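Every chain is named by a letter (A, B, C and D) in the order it is written, and numbering of its residues begins at 1.
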Amino acid sequence: MTAIDMNSVMTKSDTVSGTNLFSKISSWLLTTSHHRIGRLMVSVSLLWTVAVVVVGVVLGVERISSSTDLIDPGSTTQLFSIFRVGLIFGSVAPMTLGIALAIVPMQIGSQVLAFARGAAFGAYLWFFGMIIVGVSYIGNGGPGGGDPQMVDLFILGLGLVIAGLLVVSASIATTILTSRRAGMTLIDAPIFVWSSLVTSISLILTLPVMAGALIYVAVDHSYERSTFGATDGINAWIGWALTSPQIFLLAVSTLGVLAQIVGTMVRGRQPLRGGLLIGIGVMSTALIGTVTQSFYSLQLNGNLSDVAKSLLPFLLFNALPMLGVLIVLGLCLLAMKNEKAKPSASFVLAFFGVGMVLTGMLGNVLLRINDLKLSNTVFEEAVLVYVGYGVVLSSLGAIAYFGPRIWGRKMPTMPVIGLGLIGVLGVVFAALPYYIAGFTDQPAGSISGQLGDNSQIWNSVATAGQTIFLVFVVAFVGLVIKSSRSGEIADEAIFETVQANS
Amino acid sequence: MTSVWIMLVKKSRAILGFAAISIVAASCGTNAPQDTWQPKGPNSKIIDDLQRPVFAVAGIIGLIVAVAVIYTLIKYRDRGQPIPEQTHGKPALEITLTIIPALILAVVAVFTFGAIFKLAKTDDTEMIINVTGQQWWWEYDYPTQNEFGITQPIISSGQLVMPVGTKVLLRETSRDVIHSYWIPALNGKRDAVPGRVQTLRLEADAPGIYAGQCTEFCGLSHANMRMEAVALSKADFAKWVANQQAAYVAPAKDSLAQQGEEVFLNQCVRCHQVNGLMRADGTPAIAAPDENVWSGSAPNLTHLMSRNTFAGASFDLLSKQCRDEVWNAPSDVVGTKYLAGVTEECLNQKDLRSWLRNAPAMLPMYANATQLKATGGKYRGMPYLALTEDDISKLVAYLLTLK
Amino acid sequence: MAIIERETEVTATGIDIATPTTTYGVLKRPVAATGWRAWVFTVDHKKLGLMYGATAMFFFIVGGVEALLIRLQLAAPNGKVLNADLYNQMFTMHATTMVFLFVMPMAAGFANYFIPLQIGARDVAFPRINALGFWLLLFGGIFINLSWFLGGAADGGWFMYAPNSGPVFSPTHGIDFWAFGLQIAGVASLTGSINLIVTVLNMRAPGMTLMKMPIFTWMMTVVQFLLLFAVPVITVALFLLSFQRNFGARFFDVAAGADPLLWQHLFWIFGHPEVYILVLPSFGIVSEVLPVFSRKPLFGYPFVVFSGAAIGFVGWGVWAHHMFASGLGPVSVAVFSLTTMAIAVPTGVKIINWTLTMWGGKLVFSTAMKFSIGLIVLFTVGGLSGVTHSVAPSDTQQTDTYYIVAHFHYVLFGGAVLGIFSGFYYWWPKMFGKMLSERLGNWNFWLMVIGMNLTFGPMHILGLQGQPRRMYQWTEARAGEGLFNFAFWNLVASIGSFVLAVGILLFLINVVITARNPTKSPLDPWNSRSLEWMTSNPPKEHNFDVIPTVHHLDEFFHRKYEEDPATHTMRQIATAEEVLAEQERNADKHIHMPSPSYWPIVLAGAVPIITFGMIFSHLIAVVGGVILLFASFGWALEPSTAPESDFENQAAHGTALDKVGH
Amino acid sequence: MFSTGFKYFLGVTVLSIAALIMSLFVLDQVAIAGVAISMLIVVTALLAGIAVVTRDGQTTTSTPDASNELASQSMWPLVTSIGVVLLALGLVTSSIVFFTGVIVLLAALAEWMIQSWSERASKDKNYNAAARKRVLNPIEFPVLAALGLGVVIYSFSRIMLTVNKTTGATLFIVFGALVLIAGILFAVKPELKRSLVVAICVFGAVGIFTAGVISATSGVREELVAAKAESHELPECGAERSEHFDKEATGTLSLRSSVSATIELLDGKLTAQVVGFNKPQNTVTVRRSTPTSLIFRNLDAKEYRLVAELGTRTLVEPEGATEKNLVCTQLTAQGSEQLLLLDIAKSPKAGTSYSLTVPGVEGQSIELVVP
């Protein structure tokens, strides 16, 4: 199949843009072009990524010594919350959806999105929602916040974010389901399209649950009933959406990216395509089920039936997603054995991204073993960092891979690979120490008090990792901007590679 | 120029007779009481001297136009002549013909200006009378003016009484709508506008009764809102003033009139004031606006019988015969006749009684009693009082004592 | 396309363009060419002009009956025909009807019909607004007269002086109906004036400079400008009055510190220009008729034009001469006295020019000509009595007497009405293709002239003898002595009024007889001079087959005649038929005429519902408001020219084009 | 036969059923999980059904129309989202913001709907644009014009309320002159570039708006603040003074023309100039039940007020008590004038009289005669 219709690269609405600044800006703000909306989302989510990593750096610095006092101790909870919410809803989710918006229609040969304006609307809702969320944090309104108005604002803002992401998801899913070019069956659709479909449908299925929880909390907070724990209950009720395994859902698309890149690299029909699909499907199916998670964990001590009873959900929520990832990863590696395969720069990012996600998932396996007593330690945070940063890595890989098709210029190979490796290093440094620290019982969400053995070392390394990742993200963004302006003109060959998928 | 004007004034009668047959015909209907061409005082004379030549000039111009048109019609009627040259005009001729009327009007304007300012003068006033219009009667009050023997304010209605040869200034205003005061024989009109005080000069050359009529449309009974100006010689006027200032004379004990006074105190005094009238408890009876009447005042009935009319000047208080006697009296005796007032024999019993019986039936005062929502149910003018015939007789007897 | 409202251009920018088949959001356009629909939904200026005329004529009869009742009441002392209340309503409504519902609409009718024809246009600038204006006027007129049946008509006089017009002094709804009705009619005047101004300024035939424009169009243009500035003033006044009466405002309440003279100033600032609004159209008609029947151009055309314009200007500076007795103070009185004299000059110029137009001509005494001559003489009488009013001291004697009544009836009847009748006889063949009977016309003329002189002549005398106006009765006590007293003259006037009525009845009979008479009129019965005669009788829907190019004032005449250089007399070079045939040969191929529309009448119909609701129940006003909104949007959504698909059959649509093809 | 989408959803459904069964066995808190998974089963089963019926929305013969329709640029998604955000903010902050949000949201949705509708009206773009205009312009223009005018007027009013009176007048003249100049410029130079005209208008509007915002934030001028604070009822005829009692007759032409008498205070002497009288009077006739205006003109150096003493009136409480019936003007500075509107219903009782006096000036009074 030919995945990318060249004519759709520049849609008509783009060409309308005039020459002066005002009309340029307005043509972006009022756009209904899918890749512009996608690029807007991706760009803003990159900003959020930077912000979130900065928060991560700050938190890391705070943790190095229990006496360092960069921030007001009262706002620690909120800072941790910002890190989580920002990473999931400010960075990871919109980045994957944004890339899907930009790429999916091109891949299925549609010139436009279904509900193109809806998608724009969703993007703006998310954009404003995140701003409100940010403002409410500043005003002491996050989870556990003290300013009732700001708490309301936080809940509403998060509601807007969810609504926005839902609308965008709906647009992507509908596009995939209805606007494929003639003759392209769903089974023929490129693997990235598939992963996007699964991600978006998964979000459509799970986000409303979070929205419902938010409504409960909001009503509860407004009428001061405390049934749901008022402001402190926010974390309890919506927190599941910000922790593993729910966050693995956002990693589904990373598998698509990887498979897509691998497919290109091997320049031929991807082997075992059905296997890929099964892998993605298994992973997502299990993850959709996580909306039902109450507290589950593996209990090893006790009688057999109790162990068995806890083993089932443990396996369902951990083993199945991991199985899916492993299938995809394994098949991709298998494909690499093809002698025609030629590793590309973006592969590095995507591959390590998936690897990081997998590491996170592994961590989650451990986390959920009761006897290890890892919950409520920094181990939990490390899982989030692994998955979240992994998705970011992978998404950047996707940008490196698809980007040239949008702006027509190549990304330089070596810098991408180099940066990618730095990024991987950053993620590992940022997360791995906490895996270790988790075993030393360093408590999660805390910057003072008893931080556990050698906490200074681990925290220092983690901080360094965060910093490296920050540098990586900023540098990568810079690289993208630079190469999109002055990079080597992409030749047709780039686009031919896409053929490999069919 | 002025001499030409004066000549025109002097010969105006003759010119008019020649110029406007209709106006000659107008003078055939003689002695219309409100004739605007029969000035009886210096102010109306100013107007008359101005308007006669103007009318004459207008008539002459009218005639010229008519003759010119008729001459043209006869001379240039279609007798089969060819279609004439398509001339588009002669500017010089047109300019001339434009300037000529402009010049005529300029002359008229000069004299008009003079008259306007003469008639607006107030600095030569000798006597002041306040005039207040109300639907549908006029109230006259005389501020204290010692030189005329008016040592306390006099209040009256129906007839304006004034001394001859005296420059009287009316200070007009109104209590409700706009009225207009007009005694054609003495001066032109001046509107009585509520909220404003406007002045009008009046001066009569000879004693007599001069008729007038409200000329600003003022509602239902506008046609019945008449006025009469009674010019008395200075001596007669002094007598009139003395009578008006005379103290209230209570009716004799146990007379019909005294019963009438009781009826008056029960009913009439709510609106009508009789200066000096005391209630049974010894307090003065002071009229105040009644809850049933929209407009704030009713005629003051002190010395009612010194007037020849009632209900403003809508009806005669004198019987027709007695009235004619006063009106037709030569100017040297008219004062005496007038000062005689209304005696029992001369009283127009019929009208007065039917007025007391049911005033709204005699004078249209409100169109439809059901539509008084706007006034909060209050009506204008004298209401139907449901007096018995007995009460009416008593009241008439009482009113006759108000000399 | 001869109109400014253009349909949206739908241009093809690519292949495979779908053509829309429905009109958005509205019903199908009414496109009937015959039957009542053709009239009710029309936007054709000629049909609207005729409907204006018919409406005005109807109200002329209504106002005439009111006048006859007034004269019956006053024929003898202590008249008992009407009571005071009815009498007050009668004279109020007589004036209102004659001014607002007869003369103004009649002038609007003539203007609508003949301005586009005289300037060689196919329609007015805003055809639907034109229709709206007519329906507003009709509904406004009906609305005012509805008050007769709903508790009594307005009874404050047409001048409606405050505070007598307040709810306290006139508790019935008559004045509410009056004020709202006149506001409705005012909207009609305003839209009409804007429409005609735009038409005249923008849509003249090529070559027709302003100074080659027919004099009727000129005078009507001046009138439209007067309307444009005068109507808002009265609207403001009426608005204040409505608020005072219906919403408890206190604009004229003296107890609240208001000055009742405010109303008088507002009213007369409108009211005096209104006088010129009433007579200038007739001046225009006369200035058309006299040259035609004198076979000579209008003498001093620029003078007549500029004097008309001058009247238009100076007319604004004389309003207070209606208020000389109000107590303005001597300086104001003197100034307004002077300006009033000044306005007599341009008016006099017109009389002089008309007379000189006839001078040296070849006079044909048709009925139209007779009426015009009658106007010259009788208007002069009114004009001269007007000059006597400018002498302020004299005016304080005569104002509000019958002398004034006589004066303005000579101006308005001798001026406006005679001019209008002149127009009837002159343009009847143009409008209906048939000629009114000249024999009956002769009788009509003489009866009207004699009747009017009998009616209004004696009023001069009555006024000078001191009979005030607006009195429901007069008494013998003030009548004077001798034969020629009030009683005599009142009786003469009353008899005269019936003579006048018979004269007008003769006109109506003439109309009926003419309508039944199958004889068609010749193409150019009067040997006319201006463009409206350069098309068929009655004109085609699109007026002209080809828009003529104008070279002369009196273009049509110059196409028929040329000057013999030797004798300077004119000789015929073409007949009217030949001129028309020439036109038809060169007919334009594509003519777009504006399409009929439902919305003007619906929109106009909503307005009286709203005002009715203002008086009785605000709920009704809401209903009216909804209809108004609905109609506004219907209007806005409707293209001014209907798409092809809206036409029921192609034949109906084809009429205009088919005719051109002949 | 079975489409991919169907298989996917079917798989999800089956797995969900498995999950449900498992949760029944495994989990302690069955209730919520059970309900949630049941819902998931229902939803995925439904989706599977839809997928099989629509064959995954498969179009085998041609590319679906929807994939070729280029939605044009539109501001309504942005505006709608702003509306939603305002609405949400309004829930937290104030109802004004909330209702603004509701209005913006509704308006934007309406516009959005009409725009979407019009773009599907036909395949002809220009025609669609025209259709949209026909439907919306009649609503948009009036609303936008009203809004625009409202903003300009409101801003201007803020400016006028902020600057002092003299500056206000100057500003008014300047604004008027600018508008006039701009108007003349546009009129005599019709060939002027459109963008220039727009720029001038926008500049003007933005300027006024900005100035308005600045003025609104800096508050109204002091006198108005003071004026707002004080009572505008006719004050008791005591010693207090109202700074901003805006009833000076000095500039009121119509009142001056309808005045009945002018009461003048000069060198401690009170005299009345009565219309019609040539000499100063010491009595003024006020006719019963007739609104009568008097002007008080103070020519003395101190501030005085004119008081009309109109007998006594009975008080409701305490019953039977009376007090002086007074009507008065404001304190009047030297050289200025004030109006007194009297409407007296009743003549004074015999032996008493009504009078005009000036507190602080002894022995001077003018009798009010009410005949």
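Descriptive notes on the structure:
By our rule, a contact is a pair of C-beta atoms (placed from the backbone, for glycine too) under 8 Å apart; a residue touches a chain by one contact, two chains touch by 3 or more.
Just so it is clear, the model here is predicted, and its values are computed rather than measured.
Between B-D and A-D, more C-beta contact pairs are found at A-D.
The greatest centre-to-centre distance from chain C, using averaged C-alpha positions, is reached by A. Averaging Cα coordinates per chain places chain B and chain D 53 Å apart. Chain A and chain C have CA centres that are 79 Å apart.
The distance from the centre of chain A to the centre of chain B, each centre being the mean of the chain's C-alpha atoms, comes to 101 Å. Chain centres here are Cα means. That of chain A falls 48 Å from that of chain D. Contact with two or more other chains is made by residues 257-258, 291, 293 of chain D.
Under the contact definition stated at the top, the residues of chain C that touch 2 or more other chains are 254, 257, 259, 261, 329. Those residues of chain B in touch with two or more other chains are numbered 193-196. According to the touch criterion at the top of this document, the contacting chain pairs are A-D, B-C, B-D, C-D. Residues 3-5, 8, 11-12, 15-16, 19, 22-23, 25-29, 32-33, 36-37, 40, 43-44, 47, 56-64, 66-78, 80-82, 84-85, 88-89, 91-93, 112, 116 of chain D are the ones that touch chain A when the two sit in their complex. For chain B in complex with chain D, the residues that touch the partner chain are 122-123, 125, 128, 130, 132, 139, 141, 143-144, 153-155, 169, 171, 173-175, 193-197, 199, 273, 284, 286-289, 295-297, 300.
Within the complex formed with chain B, the chain C residues making contact are 83-85, 88, 151-152, 155-157, 159, 161, 163-164, 166-172, 254, 257-261, 294-303, 325-327, 329-330, 333-334, 337-338, 341-342, 344-345, 348-349, 351-353, 355-356, 358-365, 373, 376-377, 380-381, 384-385, 387-388, 390-401, 457-458, 460-461, 463-474, 477-486, 488-489, 553-554, 561, 563, 567-571. On chain D, the positions that touch chain B within their shared complex are 257-260, 275-278, 283, 285, 287-293, 345-347, 349-350, 369, 371.
Taken together, the chain A residues at the contact with chain D in this complex read 11-13, 16, 27, 29-32, 105, 108-112, 114, 116-121, 123-125, 127-129, 132, 149, 152-153, 156-157, 159-160, 163-164, 177-183, 185-187, 198, 201, 205, 209, 281, 285-286, 288-289, 291-294, 296, 309-310, 312-313, 316.
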